[in-house]
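These are the structures in question, set out in turn.
Here come two complexes built around chain A, the first alongside chain B, the second alongside chain C.
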Partner chain A sequence: MLKLFESEIQDIDLLKDDELAVDIKNLSIKLNGKKVLKDISMRIPRHMTTAMIGQSGCGKTTLLNSLNRMNELNQHYSFSGEVWIEGRNVYSKKENVARLRTKVGMVFQRPNPFPMSIYENVCFGLKIQGMSERRKLDDAVEKALRNAALWTEVKDRLFDSALTLSGGQQQRLMIARALALEPEILLLDEPTSALDPLTTLHIEELINDLKKRCTIIIVTHNMQQAARVSDYAAFLHQGELIEYSDSDSLFTMPAKKQTEDYITGRYG
Partner chain B sequence: MAKTKLNHQQLHAFSSITSGFAAALLLITLIALVIFISIRGSAYFWPMTIYQVDFTDTFKKQTSTYQISAWDKEELLANLNSRVQSQFVNQQTEAPYFRINISQDVFQVILKDGKVKLGKLVSLNSPNGVSNNFKDFEAVQENVKLLLSSLETIQFEQMAPLHERLSQYDKNQVAEDAPARLRVLDAFFLAQEKSNDLQIELEKYFILFEDAQKHQFRIDIRDIEAVYQPNEMEIFAELEYMLERIVQFLGDSPKQAATSGGVFPALFGTVMMVLIMAVLVAPLGIMAAIYLHEYAPETAFTSFIRISVSNMAGVPSVVYGVFGLGFFVYVVGGTIDSLFYTDSLPSPTFGAPGLFWAALTMALLTLPVVIVSTEEGLRRVPGGLRAGAYALGATKWETVTKTVVPIASPGMITGLILAIARAAGEVAPLILVGAVKFAPSLPVDGEFPFLHLERQFMHLGVFIYDGAFHNQTNTQGSAMMFASCLLLLIIVFVLNLFAIVVRNKLRNRYTR
Partner chain C sequence: MKRHIQLNTHISGKFNQELENLTNSVLTMGGEVEQQLQDAMVSIRENNAKLAERIVLNESRINSMEMQIDDECMRIIAKRNPTAGDLRLIMIISKAATDIERIGDEIQRVVRLVTKDKLPPSELIQSGMLMLAEKIVVMMRGSFDAFARQDEKSAISVYSQDNLIDKKHKELLKQTAAEMSQKDEVIADWFEVLWAIRALERIGDRCKNICEYILYLNYGSEVRHTSMKKTLKKLSK
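Let's turn to the complex of A and B:
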């Protein structure tokens, strides 16, 4: 039993290329003239949950945003390096950014539902992709809401405003909204930082379920949460990747002194 | 020892009292304005009492009698005294003497051309006989209305087409004695005969009237708009009179040099101008604001544009008028004329002030209002919403049209309605670019192309400006100006109220 469990979580360096969801190569990013990420290389395995931890301002969110090119919304932005997702360099000139973002979904720190009905929120992305057949949309909405564990709560009020939902429900709606597009990768940017502990637990369970469907990359400040939900974990400090390994080793016997200090709460 | 400096608490009390006082003063001023305009304006619709004024000229030792309508006896007396004293000021004589009484059995006859006759009814004459009872008047007037409508039918549906056919024959040089031409001519004369008979018949309906000097004269019933007995009116009759006058005010043209009648052409012109302006300014302003806020990078150039927009809002409106006249009318309009209307030159078509140039000038004038409030609306859209749309694979255009614009729509609508209210009340630039004190025809009629953008038009603000100058001495005329002010005030208030309601409705829809 133990052997089986160990074989599931491989060592990072032993991963083969076809087991990777994301391959980041020498990525450096400057925002407003300040170097935020310095020469990051990371191999993120498919259908696993990878956590990014580190102090505020260490570049976790920037790294996450660089995977679906959300950084480009910032005007003063420059980068170098490559990000390979499913065999394509997403920073190549030919890449269709809008299409990339449907494949790499994202959930933000604060729930940001559109001021429309719950139903409209979930099918927003699908409609943009050109799906207009009512029955297909209905099915997709139901499936997405079920996968986000929200269906039973909202199935009778699908056409109420999404703004009438509670904070936890809104955040799950955000996950459903992203899942509706059936992304290969789901980026979660501190998804529970604005939620209470019980709702947080809900979302964490949801993350464990979602692993079967897509690769999850989560940024979190909460060390316990990172240890609970992640298979792999990366520790960033001032724009540099200090340590990256499977969560068990990172949280129980970190290789670097800095990581140990951060995990045990000596700074940060 | 007394402290010279105020302590913190005193300062607080002082500031709250002064600011409260300022706010109260503002409110009182506003309410006073509205009440003043409402009272003076609604007086126009209220029936005036008819007074018999006996004027004794102590210099010439003569007494003469007049009938004058007025709302208030004291005001009438003051008015009369001031008028007469100015004549007698250099003559060392006794001041003239007035005696004012309410007239009995007196009628107020309002003619169709806006004139008002006061006096006693001597007799009501119709082919059926002579009557002294005014109660028969309505039945007689009904008869006259029927005759008039049949006359109109003959003139417009029989004579006019025949006349047109005849002039066509003239054009085609059909011989004078061609049988077709003679047939048409016969029909025409037949119709003319019928119409003459009707005219003669109509002249048999008239009333004999006697004024205060005991002069008798006749008034054709076909010329009469309405007859009232204001001194004998009960409250319901007064209300009915008021309602009739309001309907006339809104639906009729100004008469007797804008001292009676209605303001319909001015109201219509205002609405037309404002609508065309809205059509011009809405897309331009909203697109400019969307570009500035969503697309333009933050450079020195965009901040220069922003500063220019704010400065545009501060440019005196008459400067816009001069610009509109100099550029739109003379340059653009003149060019259009020389390219497309060469037939009618040298008389200008678009090269003269007109409805379209006025609307365009006002669109320019209200552009800053629309841009600023649209940008305000766009600024209210949370940044997270844009990021959310992008993260779901929306392009910039989809993000703007599907999430940003709907949420910013309250701001856009508010800006548009504020612009409309501004344009409805503006005067100075309009005088220069197309609003006139009297326009012979409306900018919309049954003649192709139905909407005549090159025509001059009437505008409520210009109407008030013009009338207020010329009617200072005329009680009835100045009352009409106040009534027009009241109407303008109501229009602007209603528009603002509408803006608030729409904004709140949309805001509720898009934020919880």
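Let's turn to the complex of A and C:
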């Protein structure tokens, strides 16, 4: 039969181990004595965008934070299970957390540029890593800003304060700051919730471009956004992973009634 | 008010690509059906049963295309939440795919004359059927061209060709009735011929539907079940 539409998205069960960026095995997390993630297992493919959806407090952000051990900043935290990233268990005692966080970059809901120049913001992480040669820094800053689709807008004012940029530009600057460290995985926690609809579409287009360079995992409250940007999507509810599949299936024919009720606005 | 839909101007390049692929898929399906009708004419002219059987077999390919297009429309609606012209475009693509699939079914009815060895027992009727089919091929090609270019002028011109098809269809039915009364010993054979003539006329109606979709796409105004005169008046407002 003639196939009219080609898709690069594979069924989640058919993914081979070497196609995975993240392999979460039976992860449970307690925060302040409350179990916020319950026995989560997820295989997240490389160079794809995976979205996590669910109500507030369902554990999306905790799951995201567990990928670069950001949860450990909370003192009342305990976990069980494993998180494998590019063949390394990130919770092993030998794991260097600083290295992990350069490989697993993160962009938050609200842009949080440092009160310094655009240039300094982008190369901040590189300088901490010890890069000091000016030419190398210049190249890295240009590359990161180009990849974040911001270069043409800021190339003539690199040494202006980052705080003079608009909200959308600041968020792209945050993406550039993360990209400068050449992460393998980019975690986006509600990256457009503070932005207007058109800027949101520009950021989404950027996300689509970025997945050629790294794996994207995005948490969003906006279901339409999850549908638009993601290749795979996971629905969480009260700390449990209810459904995880390619987003074409999840948004057109979810396997679980609970997912259908949530995405069609019937929940609760 | 006329609005031309530009497929490639969304911020999302992927969405542009999806809409373009979807439009192209309907045209691919249309091309396939047009070839089927031309082959059907050859199979009748040459009484070529092998070719007729191939047309019947190919029908499943057209059915599969319709299902694929519908799935893709549903996927795009669920994932992109299209609005305004984009939504109209997706809706008419789904409807056009249904019409094209039905055209495929009608062609199958026509070639049954060959597969069941029930060609009209009259040269006059057979050539009348082929002449009608030729006019329909022209109309079909016109409707697909208008669809590809979203050209409402061509759509209106093709739309009005259906009157001529209806007229020729009526003439052919009259001639067939006259022949039937003279050759009434094979009356059962004539039923298949009548079905085939009816099927040809229905193909013209389906092409007309496609033209209506183009007008709906460009003007956002419903023109189905309306006479041409009223349609033109409505669109000129």
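Simple rule for what comes next: the second predicted complex is superposed on the first by the 260 of 268 C-alpha atoms of A that agree within 3 Å, B and C clash if a C-alpha of one lies under 4 Å from a C-alpha of the other, contacts with A are read in each partner's own complex, and residues count from 1 in each chain.
Heads up, the rule we're going with is that a residue touches a chain if its C-beta (ideal position, glycine included) is under 8 Å from a C-beta of that chain, and two chains touch if they have at least 3 such contacts.
Given the structure is predicted, the values throughout are model-derived calculations rather than measurements.
Legend: residue contacts after superposition of the two complexes on their common chain; A:Ile175 is shown touching neither chain B nor chain C. By the document's definition of touching, neither partner reaches A:Leu206: not chain B, not chain C.
Contacts of A:Arg110 after superposition: chain B is touched, whereas chain C is not reached.
Of the two partner chains placed by superposition, A:Met52 touches none, neither chain B nor chain C.
Of the two partner chains placed by the overlay, neither chain B nor chain C lies in contact with A:Cys123. Using the contact criterion defined above for the overlaid structures, shared-chain residue A:Asn68 touches chain B, although it does not reach chain C. More chain A residues lie in contact with B than with the other chain of the pair chain B and chain C.
In the superposition on chain A, no residue of chain A contacts both chain B and chain C. Chain A contributes residues 1-5, 198, 201-202, 204-205, 208, 224, 227-228, 247-248, 251-252 to its touches with chain C in the complex. Of all the residues in chain A, the ones that touch chain B in their complex are 68, 70, 73, 75, 98-99, 101-102, 105-106, 108, 110, 112-115, 124-125, 128-129, 161, 163-164, 174, 177-178, 181. Those residues of chain C whose C-beta lies close enough to touch chain A in the complex are 11-14, 21, 25, 28-29, 60-61, 64-65, 68-69, 72, 74-75, 78-81.
Residues 297-298, 382, 384-395, 398, 402-403, 406-407, 509-512 of chain B touch chain A in their complex.
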